[in-house]
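Right after this note come the structures.
Each of the next two complexes has chain A plus one more chain, namely chain B in the first and chain C in the second.
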Partner chain A sequence: MSKIIETKINPTLSNNIESVKKKRKKVNVKPYVYLLPAVILLGIWMYRPLLTTFQLAFYQWSLVPGTTPVPVGWENFLRLFANKDFGISIYNTIFYTIGLLPFSIVIPILLAVATHNMKGRMKNVYRALFFIPLILAPVSVGAIWRWLFHPSNGLVNITLLDLGIIDQNIAFFSDPIFAKWLILFITGWKMIGFSTIMFSSALTGINRDYYEAVSLDGASRFQTFKDITLPLLSPMIMFMITMSILFSSQWTFAYIDILTSGGPFGTSTNIYYEMYKHGFTNLDVGLSSAAAILFFIVFSLITLGLNQMTKKFAFNDN
Partner chain B sequence: MIIKRESIAVSFKQLKLTTILQHVLLILMGVIAIFPLYWMIISSFKNEAEIFTASFFPKDPTFTNYIYAFSEIPIAKMMLNSFIVAILLTVFQLGTSILSAYALVRWKFKGSFFIYSIISLSWLIPIQVIMIPNYVLINQMGLNEKLLGIIIPLSVSTFAILALYQGFKAFPTALIEAAILEGESDFGLLTKIILPNLRSTIASLGVLLFISGWNEYLWPMLITTNMENAPIQIGLRSFVNSDTNLWGSLMAATTISSLPILIIYFILRRHIIDSFVKFGMK
Partner chain C sequence: MSRFKSMISLVMFIAILLFISACNMMPSEESTSNSAAEEETDQQELGTLDPENPTSVTFYSYSLSYPTMKPGMEKLISDFNSTVGKEKGVIVEGVPDPSFQQNKADIAAGKQVDIVQHVFSSLDASRLTLGFKAYEDVFPQDELEEHFVGISENALELGKIDGKMYGLAFTFSTPIVFINGDLFEQAGLDPNDPPTTWEEIKEYSLQIKNTTGKDGFGLPPANGWTTDGILFSNGANILSEDRSEAVFATKETFEALSVWKDIYQNGGHAIGTRTDMTEQFMAGELGMYITSTALHSGFINASKAGGWELYGVGLPQFGDQPSVPVNSGSVLAVRPDTPEKNAAVWEFIKYVTGDEGYTTITSEIGYLPLRTGLADDPAYLKDFVDANPLYRINLEQLERIRPATIWPGNHATESTTIFTDAIVKSITTDADVEETMTEAENAINHLLQ
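On to the complex of A and B.
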């Protein structure tokens, strides 16, 4: 609309170029003013520190006030690759990222489909239940699960002992294998509700005519699911895969911190937890920054790749 | 639809069985989803002798755990801190996102694509990548141990901007054009026409931002070390890590810290779920 007004006004003022310029300037400055708070804040608290981290990756510094960072070239990256926990953390990052996909894609699709055609209140009751883990704070969730799996008095150990499945308490979070799988399970448990809701909303958007057409053909429920539901859900599936891969390391962070602190012996740590540990426990800013930059680039490339794949493979119903 | 009903009638028996199976599985999933919450609440009411047993209902419910939790960590002060942080974060994040989403939708201007990209790409930057420089800057500003130090760096939410951008874009242009013809100013257009019409969208976004502000933990943990200055999540974390083995009190503190979120959820359940559907989540 403002454009129309502008073009209407412009010809009458065209003999006075100066005033046109003024007028344009006046019109154009407004969006920048409205955007100023957000852009300044993003600049100071997101992009400035990103650049600083890039810089710090080439310095050695202990974070202690009064000391100055010392330039060391590529040494931080060399130390990073030589660090014994670095390999484990990459392996675990991949383990958690892939391990979360069933929780963010497979189970939620099944739950969404199962509740989709339900009538009445039960549908909302189920969805409301699946949703509860999501709104709880990570710290609370960590505390509760830590209590459930407590080595001597937790419900899980008591029950397993009573049932005669084990004859000795298991210290779940001090066991390298249990610790990792439990962190994965708890992160997944928390995310199921979110994905289920997202897939449910995608299902609501599917045109019912498709289902009626195949039910005329006498297709089985499984066939309908495979031939109609899955292809039509593919844009949402790709979106959720991208989200899951991009954010899973941040989602697991809290549970690594609260349940195991990365242990035992660094077996459950992931790359973001290593950054935190290097930075704030070992006061080795250079190492933390080198890891941060490396993985910022890796995750950006993965996101870009997934974005391309979404454009190529997702089936759009237009 | 009619045809579908008939085919349902044909395989009625089979369908009934799968439906029952479906409900059994869904109920099982539902139980897994809320059981930890149930266990948290009943553990908090168990007495010292009962806390280490597997009883599913406290035989002799007690408030001792709550009393002890309040004496052990400054819960009231930390809850207040959490409320201040969550409310101010919600207000600032709504404010910055309303203004910028409006600008991006309302005008075509030079650099708008660039600014939109800067905003949406900031989603790719995890807090762990930027925490050290931000920590240093907050310290230089003398804002460590202050609630403002927690709030300022988080006061713009990429997620909120993108969510509102979608909402504003769907706003009927006819209403906007009418208001412009009537000589409404740009700011008046936003505050008198758009915002009142989108108030339910903005309210549910506000609820989501409040919940995520309440649950925020890594950044507040870096900024505040003293419990008196910290939000409840930080206090809860150090209580959990203190190895006191007082799980009754721990679960009491966890219950208190979750209470505001749970109350909001039970009142606005439908709203919250709908808005998650609409916006997705960070």
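On to the complex of A and C.
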């Protein structure tokens, strides 16, 4: 009742309030319009395939246009768990993920710190050297590694024979143990370049005043590294751990495909390569999607966990 | 306020999802009904071709992606285009198809894929999933019968599934033992008196290793198809008659694999993959190498360049049982979709599996002429076969041949993987042969049920 009276008494005031409300509404819609192009693109390239994958996991389909997917319920998941390479691919995915951490964190930090204080041109020369493996195409790099480790004509075998370390050639990529470790090593070699550049840029961002301050206090180089550099690098370290874990499956993929095709007898495959094999070699999209969904769930959980850890452990110098 | 914001974003998100999923989530109803309608019309009719307005046809060929076979296959295609193709109005475009993936990818992407050089082992799977058509359904019966005269009956049976021909045997070879004559002589062996049994293979390989220091013998554990022939040679079977279950875990298989394992692990055997061993043999670093005669032209060139002589002998036997080689090679699988396409595809198939086609295939690539009469015809291949006596070995083996295993339907690739992996594990590691193969058989039968 009182409201009506107020409006009646003071119409201009209520008009003002309404126009302010209208203005606010307009302002609120605008940012979403700006976002729209990006959201549509994300939707087409990310969310739609994601939804389709969830759907396809419950169908049997060969991807061929004109054929109709047959619904099979949970059958694809059962077949996946019964597949002889599924267990080993999970094990190898963990092996590659953990194995890559030294190459993505420890070695790059040391390299970045070592080259950080260099003066002049050599700094860039060294950084270029570390970075080159990253920009080389995996297919050609794979071919070069294959030649180096060739069982009868490869440089590695010839050198080891000459040095007397081995007395018989080794077929590195046909050996269940060597194949896995070499793929890890080659991927790591590539990862070092990427991480070193990331850490170098993070180091440039650290305020030099801290170093001057601790050097006045007489801190040794190791103490400086431990107490200043590492804590201030922590956001980048957490970021790189996340990247390393998420990238490890993708980056090993190219070398698995070129060097071993997952063999010998499935011992060097990972979940990513299995997904590709089911989907595009065997044209069994349902099985591939089932594997993709498991991969998606597990890696989402890992990412969430790492995000929490970043909030907890990373120290931001704002 | 913030609740209002998140409401807006949620609504927009859902709206966008609906919009994009409406675009095309699954293959539409329309395309399915189309293909159903097509089946009702009479497909055996050949359309009219117009030389002024040529029909283009794609030919996916794995031979185009191997350096040893590429020039020959290119010649075959260009010869067709410049003669019959020009006259009748067909242009064939060759597409390299390494490891048989390109045709699948392109079919899945909805591209035009008309003819595929297809391997035997996965033909049944492709028939079910990739829309290949039976010859009887797309080409007139009288044309087929007329063309098949002169092709051996055995060869015509190879691409048949459930009584219909889903592939016409095209390139065809058997495994033989290639021999590096120089290494043989250095080891004090006579390349004209080659080993014929597995015991001799073992003996010779050790002698070559001990005298020359180079590997004596090579047979890649993951060889795709030769293994089938080794098991058959010792009396084993891989699939049951009706192809409904795997039956390879038997005494004969274990025995054959143990002999091979013994040779593999005695130190005179080359190691590595098929590619590795081929490179090793071509470099003149390997005494004997079992592989398809399709590599013949490449090996001849390598031996000339390296200054050594190439010899050969048929697949070794166990004791006194004659060996049973399998065929490698391919069929032509087709998926034309209009009467004009039927006619164009049929012209190409008639040419490449005709007298001219097989002359090129044998002399330029190294596969066998399935029109075996050509080998004795002076107008075609007689001179070539006389100059290259290795082909006689191949032709002789044709009489004992057994088709390589065509794994059943939708589990073909999974079954092949299990089978090959078990072989590799049995041969190259300390794993127990009997246990490994029995496990593999159970796994495959579990799939096939």
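Structure notes:
Here is the rule we use: the second predicted complex is superposed on the first by the 271 of 318 C-alpha atoms of A that agree within 3 Å, B and C clash if a C-alpha of one lies under 4 Å from a C-alpha of the other, contacts with A are read in each partner's own complex, and residues count from 1 in each chain.
One rule holds in what follows: a residue touches a chain if its C-beta (ideal position, glycine included) is under 8 Å from a C-beta of that chain, and two chains touch if they have at least 3 such contacts.
Remember, predicted model here, so these are calculated numbers, not experimental data.
Using the contact criterion defined above for the overlaid structures, shared-chain residue A:47 touches chain B and also reaches chain C. In the superposition on chain A, A:67 contacts chain C only, with no contact to chain B.
By the document's definition of touching, neither partner reaches A:213: not chain B, not chain C. When the shared chain is aligned, chain C comes close enough to touch A:168, but chain B does not. Shared-chain residue A:250: touches chain B; no touch with chain C. Contact comparison for chain A: of chain B and chain C, B touches the greater number of residues. When the two structures are aligned on the shared chain, A:282 is found in touch with chain C, with no touch to chain B. With both structures placed on the common chain, the touch criterion links A:265 to chain C but leaves chain B unconnected. In the superposed model, A:298 lies in contact with neither chain B nor chain C. In the superposition on chain A, A:39 makes contact with both chain B and chain C. In the superposition on the C-alpha atoms of chain A, the part of chain A touched by chain B in one complex and by chain C in the other spans residues 28, 32, 39, 44, 47-48, 52, 63, 65, 150, 153, 280. In the complex of the two chains, the chain B residues touching chain A come out as 1, 3-4, 7, 18, 22-23, 25-26, 29-30, 32-34, 36-37, 39-40, 43, 51-54, 95-97, 99-100, 102-104, 106-110, 112, 115, 118-119, 122, 124-137, 139, 152-156, 158, 161, 173, 176-177, 180, 186, 211, 214-215, 217-218, 222, 233, 236-237, 240-241, 247, 250-251, 254, 257-258, 261-262, 265, 269-270, 272-273, 276-278, 280-282.
For chain A in complex with chain C, the residues that touch the partner chain are 28-29, 32, 36, 39-40, 43-44, 47-48, 51-52, 55, 62-69, 82-85, 150-153, 168-171, 173-174, 176, 263-266, 280-284.
The part of chain A that touches chain B in the complex is made up of residues 1-3, 5, 28, 30-35, 37-39, 41-42, 44-50, 52-53, 56, 63, 65, 111, 114-115, 122, 124-148, 150, 153, 155, 158-159, 162, 189, 192-194, 197-198, 200-201, 211-212, 215-216, 218, 221, 243, 246-247, 249-250, 253-254, 257-258, 272, 275-276, 279-280, 285, 288-289, 292-293, 295-296, 299-300, 303.
Those residues of chain C that touch chain A in the complex are listed here as 4-5, 8-9, 12-13, 16-17, 19-21, 23, 25-27, 31-32, 34-35, 101, 104-105, 107-108, 110, 128-131, 215, 221-222, 267, 270-273, 276, 279-280, 283, 285-286, 410, 413-414, 417-418, 421-422, 424-425, 428-429, 443, 446.
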